[in-house]
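Shared between the two complexes below is subunit A, which pairs with subunit B and subunit C, respectively.
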Partner chain A sequence: MQYETLKEIGQGYAERFGFSMPERSVFTTGKGLTEETVRAISASKNEPDWMLTFRLKALEYFQSKPLPAWGPDLSAINFDEITYYTKPTETPGTSWEELPPEIKETYDRLGLPEAEQKWLAGVGAQYDSEMVYHNIREDLKKRGVIFTDVETAVKEHPELVQRYFATVVPPNDNKFAALNSAVWSGGSFVYVPPGVQLEIPLQAYFRVNTQSFGQFERTLIIADEGSFVHYIEGCTAPVFSKDSLHAAVVEIIALKGARIRYSTVQNWSTNMYNLVTKRAVVYDGGLMEWVDGNIGSKVTMKYPAIFLKGPGARGEVLSIAFAGTGQHQDTGAKIIHLADNTSSVVTSKSISRGGGISSYRGLVMAKPGLKNIKTKVECDALILDGNSVSNTYPRIDIRSTGATIEHEARVSRISEDQLFYLMSRGIDEKEAAAMIVNGFVAPLVKELPMEYAVELNRLIELEMEGSVG
Partner chain B sequence: MTIIVIYIKRGHMNTLVIENLHAGIEGKEILKGVSLNLGEGEVVALMGPNGNGKSTLGNVLMGDPRYEISEGTIVFDGKDLLSLPAYERARLGLFMAFQYPVELPGIRVSQFLFRIAELRRNPPSGYAAFYRELKEYLEILHMDSAFLDRSVNEGFSGGEKKRLEILQLLVIQPRCAIFDEVDSGLDVDALRLVAQGINRLRGSHFSALIITHYRRLLDLVPVDRVYIMEQGRITRSGDFSLVEALEREGFGALKEQETPALQA
Partner chain C sequence: MNTPAIPQQRTVSVENPVQGDVIHVQAYQEQEILLPPQEGVVPSHREIHLHKGARLRVLSLGIPPQNILSVPEAPASEAHPHIFHHFVLEEDSQLLLTEVVFHSSSSQHHTVIELQGPGSKVDVLGIYGGWGVAEQHHSYIVHHHAPHTTSTSHFRSVVTGTAHLVFQDRIHIARGAPKSDGILSIRNLILNDGAHAEAYPELEIENNDVSCSHGATTGGIDPHQAYYLQSRGISPEESRALLVLAHIATAFPRLPEVYQEQVRRLVLEQLAYAKEGGAIQ
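Moving on to the complex of A and B:
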C-alpha cells in the first residue's frame, strides 16, 4: 500500500481538493452574525419554536464568552467577515443525479459516489450549510437504522432528538459550541436500534465551497443497546486567501453494551480555522473509539471527549496530527471516568515540520473514590526540523486507590542514521523521510479505513515535499 | 585493439578504485591517504585494529553525508562516486551491510524489501514475482516468513539484524558490496548462513570488500586479497597467508586491542 502511494508524489492539495466551483446559493444570510441571522436560519429551516429558543439562548452565550485564553491564537478570526449560512440547493437528494451539476461534479472529483458503491453502508454529503445528499442501504433502513440530516430528524424523529440533542455538549460548554448551537446547520443524525451491528461504515463528507464561510454542522449519533456502528467523516475545502471557520459539534451516545467507532480524516485547506467540540457518553459495558486524523487546516482545536458513565464502559482515543508550514494542530483527548471498572486508552502521534506547531492537550480524570480505574496515555511526537514545535500538556487527575495509570511521552526526530540507511538502499532522501514518517504513524494509520489510510499516507508524502534536503 | 581485449578480460577491470583518500568527521581526520583497488569479481578482506578507519572507509564509500572528504578520489565502474549522494551510489550497484543496522519502526520488512527491489538495476515484474524470489532467499538464510511482517530491525536480535542485511544483499544483487563487520556478534550457525548468502553472489560480476577483525568469516568466504589498515592508511596487502601471519603475530608493531574472546 505504502509503496503504491509513493509513486503519486507531486499531485498537490490544490488540484485534488483545493478546487472551487462558482458560488451558488438559493438563500444566504450574507456576512456577519446578529439575532436576525439566527432567526433567518431558523425560519429557512421551518423549525419548531423550541429550536429557535435554543439558538437564541446559545447566541447570547457566544456573544458573552471571550475567546479561549489558552491554546492557539484565534484573534485573527474576523467574525464580521464570515458568512454563517448559505443554502446551496432547495432540497436534498437521495441520488447523485438529482444534485446541481457543480455540486455533483465536486463529489465526483472527490470520489464519493465511487466510495459509496464500493465500501459504504450509507453516505451523507454536506455542501456549505446543508446536507445535499443522504442515502443509506435499503436493508439497513428496514432494520430500523436512521441516517439522515439533523433538520429532517428534528421533524421526523422529534422524540429522539429532543431526548438527546445538546445533552452531551450543552450550548454554553465553550464559545465555539455556543456559536454552533446558535447557527448550526446540517450534520448527520444516526440512530442504530438495539442489537443491530453495521458491518460496513457510514460516512459523511463535509465540503466548503464558499469563501470566508462558516460551516457549523451538528452530528448526533445514538447507538442503542448492544449495537455497533462505524461512522467516518472526511472534509476538504478550496484553497482561498481569506480564512474560513468550521465549528462543529458532535454528540455521541453509546447505550448499554453499544460500540461506536468514529473516524475523522480532517483535511481542510490551510485557510480554515477548525474548532470542533466532540464528546461521547458511554453507558454500562459500552465502548467508544475516536480515531482522529488531523492533516489540514490553519488552526485546529479539537479534544474528543469520552464520559464513561456506566460500569465497565471503555473509551479509546487514537489521534494523529500533522502540522506543516503555517499550521497549528492543538489536539488531544478528554476522558472522564464516572463509574467503577472503567478503562481508557489515549494514543497520540504528532508530526511537526516546516515551522508547524503540534500540541497534545489531554485530560484524564476520575470521580474520586471509584474502584478499578484503568488508563493509559501515550503520546509520541516527531519533529522534522529545527523550526517546528511540539508541545505536550498532559493532565491526569485520578484520586482513587488501586487505579492503574500509565503515561508515556516521547519526542523524537528523524535520525541521520535512519536516512543514511534507507538511502544506502537506493531510496532518495525525500522518500526516505516520508517512509520514516509513515512508519511513525503506521500503528495508528492501520486503524483507519483502508481508503483513508492510503489517503493519509499519500498526504504525508505530499506534505513531506521539500521538507528535507 | 589489444587494449580492448585486456579490458574485458576478467580481473583486469577495476570495479572500485580508491586513491589517496583523506576523510574525517567533525574536523578530525580519520582516513589519511587510503589507496585501494577492487577488481571485477574480486573478494577482498580489509582487516586492522579497531578505531583505525575501517568502518569510516565503508561509510565514506557508501556516501554517509556526515563525513568530510578533504582529498582523494573514489571511482566506481568508471564514475566519480564522491559527487553522488548515497542513493545514487546504491542505484549504480554499490551496497553496504551495516555493522549496526538501524531500527525503522513501522516500516514493514516486506514493503521495504519490495521497494528496494523496485530500485535495483533489474526490478521485479511485480510483487508476486518478487515474493517467489524472496521465499528462496528466506530459505537460504533460514528465516521464517513471519519476519516479513515485522518492522525493519525493530526488536531484532543481533543475528536477525545481520541476516536481514544479507537478505537485502540477495534482493538487491549489487555489483559491489561492503560488509562492515557483518560477522561480529554472530554464533557459528548464523555466521555460516551469512557466509552462504555472500558466497551465493560470488561470480565475475560481483566484488566485495569484507571488513572484519578475524579469520572465522574468511574461512567460510575465501578472499582473493587481504588489506591491512592501520592509522588511517593501508599498510600492507597480500594473500590469505597474511591473515595467518596476523593470527600469529598480531597487527604489526601495534598490539591487538582486544582478545578474540572479548570481541565475540
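Moving on to the complex of A and C:
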C-alpha cells in the first residue's frame, strides 16, 4: 500500500532550514577539547572563579565516564573533530538591526523577527555558541521578569544563579551533562517573580551554522510561587556532510503553585547528534508540562524528567517523534514521585518510516510509603513500512501500596479496519490514510502554539485537505 | 481442512525429564509436562522442542508445601536457583505454558520462546507471589521469527514483606514475521509499603504488518473496589481477600484442583502476612 500523500519526513528541509552562511567568529577555540579549551571559554566569558572550578570538575567527569552502553550507537562521534566554542559576535544585541548582516539574514529567513512582533513576549536567539539576541517586552521587564542569556545572569543575578545552577542536573549526572557543564555557552535564564503570569510565550531559537560544531547551551528557568510561563524552543541547522553535536542541559524549577510549560520543536538537520538532558523539579501544587516534538536530527537521546517533590505536584509529558530514513529517535520520559498526592501523565506517540528507528524509553518511580500516587503512561507507535523499527523500553518501579501506575503501549500500522470504514464512507484511500495519521498525532499538535502546529503538520507533509477537525 | 488429523490419545506426562535433555514433542503429538516435579524452587535447565503441529501443555510449578510463615526465610545470599526454559516452536505448533511461583527466597527465571515456524502459537500465564525477603527475577522473551505467529503473555504477581519482584518481559517481532500478533500484560499487586515490584514491559517491532500491545499496572488494592464490595455488605477483611484472589484467579482454570487449593491458601496467607507486618491499612 502506498501513502503518497504522506511524503518523506523532513522533505524540503534543505531549502527552508538547511542553508548555511559563511562561517564567522570573533573568537574560536578550534577543534578538540582539553583543559585549555575550557579555560579559554571561561576567560572569554570573563567568568567568576567558582564557574571555572565548576567547569574543570565537570571536564574530569566527562573524561572519566564511558559512553552509554545502551540505546543508539554513538561510536561515530569523534570528540576531537568537534569545535566546542565559536563566538559569533562581541556582545548580544537587543535589536535585530545591531546584528551582523549574515546573522540577521539567517533569522529573517527563519521568520523569527516577524514571529516576535506577532505573538511572543520575548525572544532569545542563539547562533553557534552565543546568544546573539535577547529581548523581552518592556512591561514584563518592569514586573520583574528576567529573560536573558546565562552569561549575563551569572554577572547580574549571581545570587539566583548560584542558588539554582546545576542543582537539578548535577555535572556528574551523565557523560553529556558533564560535557555540557564543562563547555556550556549560551542558553536562556528565565526568572518569573511570584504571582506573575505570562499570557504569551517566551521563545528561544537555536541555530548552528558551523560545520562539525558542538552546541552546548544551558537553560535555567525558575518560576517563583504561583507564577506561570510558557517557554518555546526551536532549533535548526544547515545540512553538512560532517556530523555535529548538540548536548544541552535544561534545568527547571517550579516553586509552590507555579506552572511551567516547555515546548520543543526539535528540527535539527540529519547530521546532528542531539543528546540532551532536560529535568524539572516541581514543588507543592506546582505543574510541569513538557511538550516535546522530535522531527529532525540523526540520533536523538532525550528523556525529559520530572521530580515531583512537593505534595500535590503534577507532571505531564506529551511527546511525539518522527523517525525517517537514517534517523534514530530514542526519546521518552522519566517521572519520579517523591511526595504524597502527586500525579503524572505521559503520552508518547511515534511514527517510523523509511527505515527509521523510534524508541520509547521511560521510567516511572515512586518512593516507598507514599499515598495517593497516580500515573498513566501511554505509548502509541505507528510503523508506516516494513523497513522501519519501533521499540518500547519502559520501566515501572513501585514500592508503595498507595500508588496506581498504568502503562499501555501499542504498535501498529495504519489499521485496515479504520481505512475500510473511512473508505466505506466515500473517502479515497490516500485521504483516509492521511486522516488516520493526522488523528494519531492530533493530541500533541493541538497542544502546540498555532504556528508550530502548522509547522509540524507541514513538516510531516500531511495532506490536510478534506480532513475534519 | 487438508491438515492431518491430530491424534486424540494423550501421551503419558513426562514426570521426570532428565536434566539438560532436549524434550521433543513429535509432529502432531499432544503432550502434557509438569516442571519441575519436585516441591519448591530448584535449579533446572530445559530445552523443549515442538515439532510441526505439536501441542504441548506445560505446568511449571515452584510452590512451597507448607504454610508460608513456617518456611524459614533464606537469606538472599543463600539460594539463587536459576531456572532456564527454552522453547522452540515449529510450524503450526502450540504451547500453553502456565507458571506458578510462590516463595520467600531468591530465584532467577529465564524463559525464551522462539516462534520459528509459521502459524505457531504460544499462550503464557504466570502467577507469582513473593514475601519476606524474596528476590525473584523473571526475564522472558518471545521471538516472533516467522509469519502468522501469535503470542499472548499474562503475568500477575502479589508482593508482600520486603520482597522484590522484577519482570523483564519482551516481545520481539522480526522483519520476517509479518501478520504476527503479540500481547503482553503485567499486573503487580503490592500488599504493603516496602514491597517492591519492577516491570519492564518491552517491545521490539521490526515489521509494520503486525499488531502488538502491552500493558502494565502496579499498585495496591484499589480502595474504590474494596469500598464497593463493602457497600454490598462484605466485610473489609473479606473484600480485600476477594480482590487479591480475583487478581490471580485467571490462572485457576488452567491449574489442577489440588494446586488451585494450594495457591488460594498461599495468597490468603500472604494477605495475612502483610497485615501482620502492620503496614496495610
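Before moving on, here are some points about what is shown:
Keep this in mind: the second predicted complex is superposed on the first by the 427 of 469 C-alpha atoms of A that agree within 3 Å, B and C clash if a C-alpha of one lies under 4 Å from a C-alpha of the other, contacts with A are read in each partner's own complex, and residues count from 1 in each chain.
Heads up, the rule we're going with is that a residue touches a chain if its C-beta (ideal position, glycine included) is under 8 Å from a C-beta of that chain, and two chains touch if they have at least 3 such contacts.
Worth saying up front: this structure is predicted, and the values here are computed from it rather than measured.
Of the two partner chains placed by the overlay, only subunit C lies in contact with A:G386; subunit B stays clear of it.
Contact with subunit C, but none with subunit B, is seen for A:I396 once the two complexes are overlaid on the shared chain.
In the overlay built on the shared chain, the residue A:L275 is in contact with neither subunit B nor subunit C. Of the two partner chains placed around the shared chain by superposition, subunit B is the only one that A:R425 touches, whereas subunit C remains out of contact. Touching subunit A in their complex are the following residues of subunit C: 175, 178, 188, 190-222, 279-281. If you check the complex, the residues on subunit A that touch subunit C are 368-369, 381, 383-413. Of all residues in subunit B, those touching subunit A in their complex are 62-66, 85-87, 89-91, 95-96, 98, 101-102, 104-108, 111-112, 114-116, 118-120, 151, 168, 172. Of all residues in subunit A, only 1-3, 6, 415-418, 420-429, 432, 435-436, 438-443 touch subunit B in the complex they form.
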